[in-house]
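Several structures are given next for inspection.
Two complexes follow with subunit A in common, the first pairing it with subunit B and the second with subunit C.
Take a look at the complex of A and B:
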């Protein structure tokens, strides 16, 4: 019988949102348009229009060893071309941002190939070949996984996820990489590492509170869904913990 | 699991002080209006001091305006002050870095420069091998000589260099025994009086455990252990012990029996505060990585002062443990740098962990009838998986909800590692204090970590992926390949060795198991007695208060060199 992922327990909207994001069979809602060039600018790894720097020759041009794994696993476009490995890193506010660090990692593992995610409390990084990265980044920014006010694209100096929001609703960013304009649109004026951009990059209006609450993937008893109320989720974690604890004594229940 | 009402909110006063003029329950704040580093008197002091240093030495130094993020200084948001928990003292974060805090330095100095050496072997050598008489009078004479010699004075030779007493004034030796009659014959200046220092029930247990043996609690000079290392302590001590025996008992300095005395003092009769570490983390004995958690809980004396409050006693272990294991051991010995202080201080500032832990105590009483104000082994809850799950789940959920309900509380602990350590510590302490089982406490810690991670989809830094997501499998059930009771674990236990925000809390969880049982000691009665000594520079019954004194520059340390340097 083929394995069928369940993506996680829970009866709450948070649990359902988490499953939706992870499940590659679900087409996530596209809520904004950002051009390929805009993505390249925010990432800050290469100048728009410039060639992709390479770490090795294209696979087709180099002698590949006779390896059974290489025959099973198809290289990504970036790997085929010999691209460098570069990154995008997000900071997600705990005030109902639509994605959160581990959620991002799980989702990326289900939806993307050839990635190396890293998960911390205040940031989540994913590294991969550069042209793959640009494609994945576009998905991560354009879909319902992103909000322009409560998610930041930040290479360094990431504090903000746990802080109170600024009075204009933006998550704190010491470097002020993006600003909320008078027209209600958020624009990046610095790339993710904090270098000023030649032109501002618009990433759309912040979503409203109702949308944020509906799409949240974090439990929060003040501004969203209380963790305590999802009894199935709690019970599932207790069960995993208990089985792991007892495993050394009792391999079967 | 069911939420209980608790009105205290011990952290509220700190939040209101820290965030003056702001709604501590509000969800928004002002940014970029705080004046950068100008808002911090301590940072201003640093800048001024650096200018003086630069003028003096002609080499550039502290220059945040240029060097921090290419010209964007710290302080674009509010630079918070911190209350050292249950001290009422507010300090700047910088004051809690061990370089800036003499009490923190002395805390570690006092541990590193301590060894305990039994006297029985030496007395047997003197009596049985040499036929000499050992009496209370000879012991007192020996102690006089030893307190002359231990700081670095000559005993036998007629032309020797010696150390300046003013530089080694913190060095001395006292003795203790469980034999009341013998104790009565020891000069009070040399005796650690168990009867007077401990509550009666603890004293009785400690005396019974010590028996008729006599031990020397030895503290070599701070300045020596600082110049050398922890491995020096037993060597320095053994040399002076040997010479003092020679002097006191009129021995020949070269006779073979001296080797027996030396071997007893250096090896057979010595109790180190920490075992040496393997080559990959090579350190000698008496360095932080080798301190067993049970032994560390005996070093901290809060259970002697607060025997009816195992939560308070445990919280003092947390505070001192994170300072030593996170700030000094992992943060400096193993890693280098200054960042670990920000992690560690979360566990002993602003009464946040205190609040979460006392919530656990209230829950224990409310649901299981265990009153932490009246601890005792016979009153404790059975450490079943179901009860551990229930306790840890409720304490964990409450802590997460507090962070959510008070956004300034979340901002106070702005890093996930801070929150993870603090929440899990409250869960672990509740389980260990309530059950009297250190492994049940560790198991509660690990459930908290899993639950925290799933609830907020984040935990701490990368390191939390290592031990905290496999810890369920090496706690409560003790497997032969990985299991060890908490008392015998330490900073170098597999998986524990590299992660900030854990080791001090683990030590407290171990201690809590015994404080909750009203035990007199956790691991070693000898260590518990040694650090009860009021002559020590650092008061181990109140480590957090001492750290606060250090932060406001009211703590007087040892090992100062002002006697031998130009006056300023």
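Take a look at the complex of A and C:
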């Protein structure tokens, strides 16, 4: 029988959202349009329209060693062209943001190829070849995994995920990379490391509270659904905890 | 160190205040009779990018700007997350609550307790010396090169 991943336990909406994001068979809802040039501007790794700088010659032009693994694994577009490795980093507010660092890493590992994610408590970074990165970033920004107010694209100075939101609902950002305009649209005025952009990049309107609650992947007893209300999740985590505690005694279920 | 102890309170809005709302709140609070000392709390908004590849470059921030409280103008360097106040007597706290109800558009909590340091620390000693004015204690970050702001023009 073929293995079919379950992606995660739980009966709550949060658990279901987590499984939805992780499952590459599910097509995530596209909630905003951002052009390729906008993504390049926010990332700040190269000027829009310029050629991709390379770290090595294209694979087709160089002699590759006779390696069985290279025959099994097809190189990604970026690797084939010899692109540099570059990154995008996200900060997700704890107030019902539609994704969070661990969730991002799991999702990316299931959905993308040739990536190196780094997971931290308040931020998540993913590194890969530049042209793959732009493709993946577009997915991460355009789909329901992003919200313009409660998720920030921040390469450095990420502080803010656990702080109160501002009066207008925006997550705190010391560098204020994005601003909420009078028309209700959030625009990036700086790239992810805080350098001013030549033109503002619109990333759409912040989602409303009901949408955020419905799409959240974070348990939060005060502003969302409480972890303790999901009995199946608790049972699962208790099982893991019990088995790892008894590990030295060779646990048998 | 002074012998007298004065009541203290802390206003914590549920959301960070933008500079305009902060200015409105501060102006309303300082007009209450009997406010002795005040600290504005919140995460700092640096003038230059503190670290990362863009380190040292200017960091324009819409909430880091000069505000007018009473007749005194000063630069707001934090995103306002709370106010700590020391008042002459307990009755003033009720007045402050009334003012907050009028001015704040977001829910808030107002706690009573001790929020300013009562005795000098080693850093305070190093900065202000042995004969420091007790009114200075706990009002400014000892590492900061900027001093206090005295609010004028209330009478």
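One rule holds in what follows: the second predicted complex is superposed on the first by the 252 of 253 C-alpha atoms of A that agree within 3 Å, B and C clash if a C-alpha of one lies under 4 Å from a C-alpha of the other, contacts with A are read in each partner's own complex, and residues count from 1 in each chain.
Everything that follows uses one rule, which is that a residue touches a chain if its C-beta (ideal position, glycine included) is under 8 Å from a C-beta of that chain, and two chains touch if they have at least 3 such contacts.
Keep in mind it's a predicted model, so treat the numbers as computed, not measured.
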* Once the shared chain is lined up, is A:155 touching subunit B (first), subunit C (second), both, or neither of them? -> second
Larger residue footprint on subunit A, choosing between subunit B and subunit C, goes to B
Would you check which partner chain A:193 touches, where first means subunit B only, second means subunit C only, and both and neither mean what they say?
second
Output check: A:164 vs subunit B and subunit C. Expected answer is one of first, second, both, neither. What do you get? both
Look at A:210 in the shared chain and tell me whether it touches subunit B only, subunit C only, both, or neither; answer first, second, both or neither. neither
#### Entry: Touching partner for A:172 - first (subunit B), second (subunit C), both, neither
both
Looking at A:121 after the superposition, I want to know if it touches subunit B, subunit C, both of them or none. Which is it: first, second, both, neither? first
Is A:69 contacted by the first partner subunit B, the second partner subunit C, both or neither? neither
Intersected contact list for subunit A, partners subunit B and subunit C 157, 159, 163-167, 172, 174-176, 194
Per the touch rule above, subunit C residues touching subunit A in the complex are 13-18, 21, 43-46, 49-54, 57, 59-63, 79, 81, 105-106
Touching subunit A in the complex, subunit B uses residues 1, 3, 26-32, 69-70, 72, 76-77, 385, 389, 393, 397, 400-401, 404-405, 407-408, 410-411, 413-417, 419-420, 443, 446-447, 450-451, 453-462, 465, 470, 472-473, 475-479, 483
The answer for subunit A against subunit B in the complex is residues 18, 94-95, 100-103, 118-122, 157, 159, 161-167, 169, 172, 174-176, 194, 217-223, 226-228, 233-234, 237-238, 240-242, 244-249
In the complex, subunit A touches subunit C at residues 155-157, 159-160, 163-168, 172, 174-176, 179, 193-196
